[in-house]
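Structures incoming, each one as structure tokens.
Note that subunit A is present in both complexes that follow, paired respectively with subunit B and with subunit C.
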Partner chain A sequence: MLRRLRSQKVQDIVTAYVFLVPTLMILGIFVFAPVFYAFYLSFFDYDILAPQNSRFLGFGNYLEAFRDPVFKKAVKNVIYYASVVVPTQMVLAFLLALGVTSGTRFQNFFRVAYFIPTVTSSVVISHIFLYIYSTTGLLNHILGWFGIPPHNWMEDVRTALPAIMAMNIWTTAGQYMVIYTAGLNDIPEEYYEAAKVDGATYWQRLRYITLPLLRPVTLFVSMMSVIGTLQLFDQPYLMTNGQGGPVDSTMTVMLYIYKNAFGGYFRMGYASALSVLLFLLILVLSIIQRKWLGQEVQY
Partner chain B sequence: MELSKNRVVRAVVLAILSLYALITVIPFLWSVSTALTKTHHVDLLLQNWGIPPEPTLDNFRYLLKHGDFGRWFLNSLIVTVCTTVGKAFFNSLAGYALARIDFPGREFWFWFIISSMMIPSIVILVPRYLIVHHLGWLNKYKGMIVPSLTTAFGVFLMRQFFLTIPKELEEAARIDGLSRFGIFWRVVLPLSRPALAAQVIFNFMEEWNNFVWPNLVARSRDMYTLTVGLQVFKNEHYSFWNQVMAGSMFLTIPIIIVYLIFNRWFIRGITISGLKG
Partner chain C sequence: MRRKLAAVFGALVVAAATLAGCGSKQEGGQEPAQQQPAQQQQTGSQSSSQEKVTIRLTGWASSPAETEILETLLEGFRQKYPNIEVSYEPVNADYDKKLQADAVAGTMADVFYMDVLWAPDWISKGLAIPLDEYIQAEGVDLSDFEESLLRGFQMNGKTYGLPKGYSTLGLFYNVEMFEQAGLQPPKTWDELVEVAKALTKGDVKGIVISPDHARFVPFIYMAGGKLFNEDKTEAYFNSPEAVQAAEFYVGLVTKHKVADTPKALGAEWAGDAFAKGRAAMAIEGHWMIPFLQEKAPDLKYGVVELPEGPKGRSNFVFTVAYAVSKDSKHPAEAFKLVNYLTSEEAQRQQIQLGLELPSRKSVAKDPFFADKPDRQALIAGVAYAQPFQYTANQAPYVDEFAKALENMILNGADPKTELDKVQAKFEEVMKQR
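Moving on, here comes the complex of A and B:
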């Protein structure tokens, strides 16, 4: 009896590891190893086409990053981008969610429609907006009704990044709306009823019931949104042919990393150092945000 | 929370929501009607309120004849289906081991897997590319598929779901002589359909739309997925917006159909993954 139990135990251990091995191998090779590899490479001058010529640089790549005007510009762009896009998309998503859950008609239709950009490929959306933003495109046509002269939005240093911001807000508002809607539906109707009995107005209920109870959702959404915007890559890559132009006005950190590694320079070591810096930036910001928005989020 | 019983207030809310729905939908309608327009009519669309003067399927015919869209569609399908199915399977296997089997090291591996969620995948793009390069997997399906065959978050979700399945069911199956894998495959997985469906549909969308990784791994034209192919096609046919928009339909229509059929699951998927933090 005891022996049978023991062999059962051994069998369980073997089964458990057989079940886990594929996951552990894939995470090990394609997630953990790259982190250490990036860290290692960041101390070298490494050319993928001529690996035998790689040189140890110490902190050389990091020192270069802090002096690199394009990298500084990319960081500035990304911060500017996040500081506009994150609050705007959150407020918009919250208002849409309030509207959709206010007992309006056609709420399912709205929910489905707002979500369509989220399921559409970034390639398709970038192309549609390039087309709409073009000099003879739909946007200039509509602005023409109000007497505004046509403008080449993606070729102007001042408007290229804001144009991408507007597109991104449009793309993700529906996604965050869905998350807010789920959060709003989780608030028991009785709370509002009770407040109503006590004579609370709509704004008071919103201010003292809805907003505080939505705090965890707001934390999630803002973290996702900040982390997402810091990693911005697809849209500027797709809309500027990977150049981040005009004159680096749409250059983002990820795009610059990509450009260094694959865009003709083949500077893998420098790109790795920039990746490490971006990773640290994301880590620090998410810690600050967690502190700032208060309570720990529970799964 | 109900806003107001006042009919004027309700009408205003409905109007605002409708306006935003229009803003959301118009770019898509615009691209559809452009895709149905002849090249020399594209400039007339603006005067014509977006209605093609002589609607035509010529652009699609042209793409199927001269483009590689058929091949790219097939590549996208192969990569997406393999990744999505593989992910569901491996995530479930690992999630099951962590939820149900008692073995030394379980806690450790659980936290090992969870900790990988801290690493944004795009940040490790360069070293991951180099690893795939060293493995000799560039320009191959496996290079596009294998690195994303499992996700920590998926493992975590499946584990949480398996914990809610009553243990008695499995014990009964065990007494009936089923092996561990038999229990997993014939008892646990069928009970997990809701969790699996939400994951599969959400992952299908992510993989189908994925651009960054196939753009690096696929080197030759015949290995492009639709996203990569479409971007290359756009650069070759710049200003032929009717053809570019027709090309984008190959990418958009399948996912919109899947979305309209399963929209409940999409929304569940995004709500769950929204909790990822």
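Moving on, here comes the complex of A and C:
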């Protein structure tokens, strides 16, 4: 009997793995192998068009990254970007979610309306916003009604990145609103009823029931948001002709990696090293967030 | 038990199907290479004298009109060489990235467009093969090509591509605005400032200035400077002449306030600002002519050579060559295509379309240009132009160059400090390589 059980278990495992083979192969070839290969390449000076000239550098690429002013500027930019976008986006998404679950009329209309920017291609949105931010564009036109002179938003080092931030908050808030909406619907109605019976005000219910019970959702949203903002690429790429300009003010880590790998710098090894550094940055921030927001709340 | 076996079998089928899928995908990737010998055998048995080969041609397609004229030319080629088949594979975006991927995979097309800016990179990394023996075999007269174009595709005394066409920069001016102000197009730097001053009124600036090295570099030469020494081992980005040129170019915006950037004028690029009538002058190339025809057909414009600097004239020439790739199995036949597409006959057909200027001197004398002073002004520039080219591995320091110009024009940064940074980056790149 025991033997029979064991042999059945072995068989189960074998069957499972046979079923997993296709997935593992695809993941292995297109995800795991490139990841490890990138890690390996980060120790070399490697030109994809002339691989025969590659040289082993040890930690040379990493040392260079810490001296590279463009990389430092890119890290500064994404951290600045994340520190503004993530909190704003989360608060906004949460408020929108409260709004669309409060049972007002046209609730579904608003849900769809807030979600549309998220499903719209970032290429389309970037181009629309280029028009909005243009010197003769919509934003300056509206500001003109209040007597504010037109400003060249995308060509000013102080306003180019904030302009992209504003755009991105608007785009992705809807996405996190949907996640918060799901989280809000998951909170059992009984808690609120009990609290009401005890005489809790709306704010007290929000503070002591909704927010603590939404903690896992908040963790998820903040992690995704931080990862997404640190990997910012398409909007600055599309809105600055792939340059991260003016004068690196919208340069992001991903954009700089792309330039080094494919943008004519022919420095795949250096790009790989920068990718590893970005990975470490995201890893550390994710661990901190887990520590901070990760405790489960039970009632 | 039987059910279990069935499950395992089912899983195996799924796995096998996936594997088979991978297999066929790989074959698909190698297809172009395998296709050629197969086709050779096929047609070889039909026509006994010569084997039929297929030549692949790739390039970017800037407009449907360009694709169309190329197809017409290729039809002529097929008639002339019935045993060479040509397949044209245009790339619509990110051409240089596609080419890099093809080069790594060993599947480059036989004949490809090589931009003069990227030529040093692609030649030094072995993407294009030297054409000298085929040039001799076909008896191509290189002296008919404009020297400044050909120079962009020559390295260590060998020729790696034949230029298909070109454009220089010219000073485009709005005829109506000039007539109203009673002005003549400027011939020198000083005149440029004066004229621009007179034309700057209200929303209109005298000239639109792009923070772009592709427009700025000729000014360095006009000031008597240069970018590189003869063998391009040293650069002079921060020479006193370069600083003087930067002070003049940037000064139009910052000091004289007679110019602005395209974006500040609410336009995508300089040509756009000019077409919208927000600037009376623009420094652009031949591509402006079809653009203005389409966007502002009523705008009356003229083109003159770039104004003369304190140490003479200069210009930048933008050109693209047909090159034969390292992966070509039939380089001799591929060169026949290159030769045909750059021949006098083909270029005479192409000029009618008006997309670019002909790279052959003989074609530039075509009566087509006789009554076109705008194109003549651009042709005149090629005699003293520099190819729009730096060195191999230029992208990092050229990006620094672009940033320096932005910093000077948008933030009023000091030219010398900014150009020092470009020079430092150049030296750093050269040390790394």
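Assume the second predicted complex is superposed on the first by the 277 of 299 C-alpha atoms of A that agree within 3 Å, B and C clash if a C-alpha of one lies under 4 Å from a C-alpha of the other, contacts with A are read in each partner's own complex, and residues count from 1 in each chain.
Just so it is clear, contacts are C-beta pairs under 8 Å (C-beta built on N, C-alpha and C of every residue); 3 or more make two chains touch, one makes a residue touch a chain.
On a predicted model such as this, the values are computed, not experimentally measured, just so you know.
Shared-chain residue A:266: touches subunit C; no touch with subunit B. In the superposed pair of complexes, A:83 makes contact with neither subunit B nor subunit C. Once the two complexes are laid over each other on the shared chain, residue contacts for A:50 go to subunit C alone; subunit B is not touched. Contacts of A:118 after superposition: subunit B is touched, whereas subunit C is not reached. In the superposition on chain A, contact is made by A:154 with subunit C only, not with subunit B. In the superposition on chain A, A:22 makes contact with both subunit B and subunit C. In the overlay built on the shared chain, the residue A:201 is in contact with neither subunit B nor subunit C. Comparing subunit C and subunit B on the residues of subunit A they touch gives the larger count to B.
In the superposition on chain A, A:221 contacts subunit B only, with no contact to subunit C.
When the shared chain is aligned, subunit C comes close enough to touch A:245, but subunit B does not.
On subunit A, the surface touched by subunit B in one complex and the surface touched by subunit C in the other have residues 11, 15, 19, 22, 26, 48, 136, 262 in common.
Of all the residues in subunit B, the ones that touch subunit A in their complex are 1-4, 10, 13-14, 16-17, 20-21, 23-25, 27-28, 30-31, 34, 43, 46, 90-91, 93-94, 96-98, 101-104, 106, 109, 112-113, 116, 118-131, 133, 146-150, 152, 155, 160, 180-181, 184, 205, 208-209, 211-212, 216, 227, 230-231, 234-235, 241, 244-245, 248, 251-252, 255-256, 259-260, 263, 266-267, 270-271, 274-277.
Listing the residues of subunit A that touch subunit C in their complex gives 11, 14-15, 18-19, 21-22, 25-26, 45, 47-50, 134-137, 152, 154-157, 243, 245-248, 259, 262-266.
Put simply, subunit A touches subunit B in their complex at residues 11-13, 15-17, 19-20, 22-24, 26-27, 29-35, 37-38, 41, 48, 96, 98-106, 109-125, 127-129, 131-132, 136, 138, 141, 170, 174-175, 178-179, 182, 184, 187, 189, 192, 202, 205-206, 209-210, 219-221, 223-224, 227, 231, 233-234, 238, 241, 254, 257-258, 261-262, 268, 271-272, 275, 278-279, 282-283, 297, 299.
Note for the complex: subunit C touches subunit A at residues 4, 7-8, 11-12, 14-15, 17-19, 22, 96-97, 100, 103-104, 118, 121-122, 125-127, 211, 261, 263-266, 393-396, 399, 402-403, 406-407, 410-411, 432.
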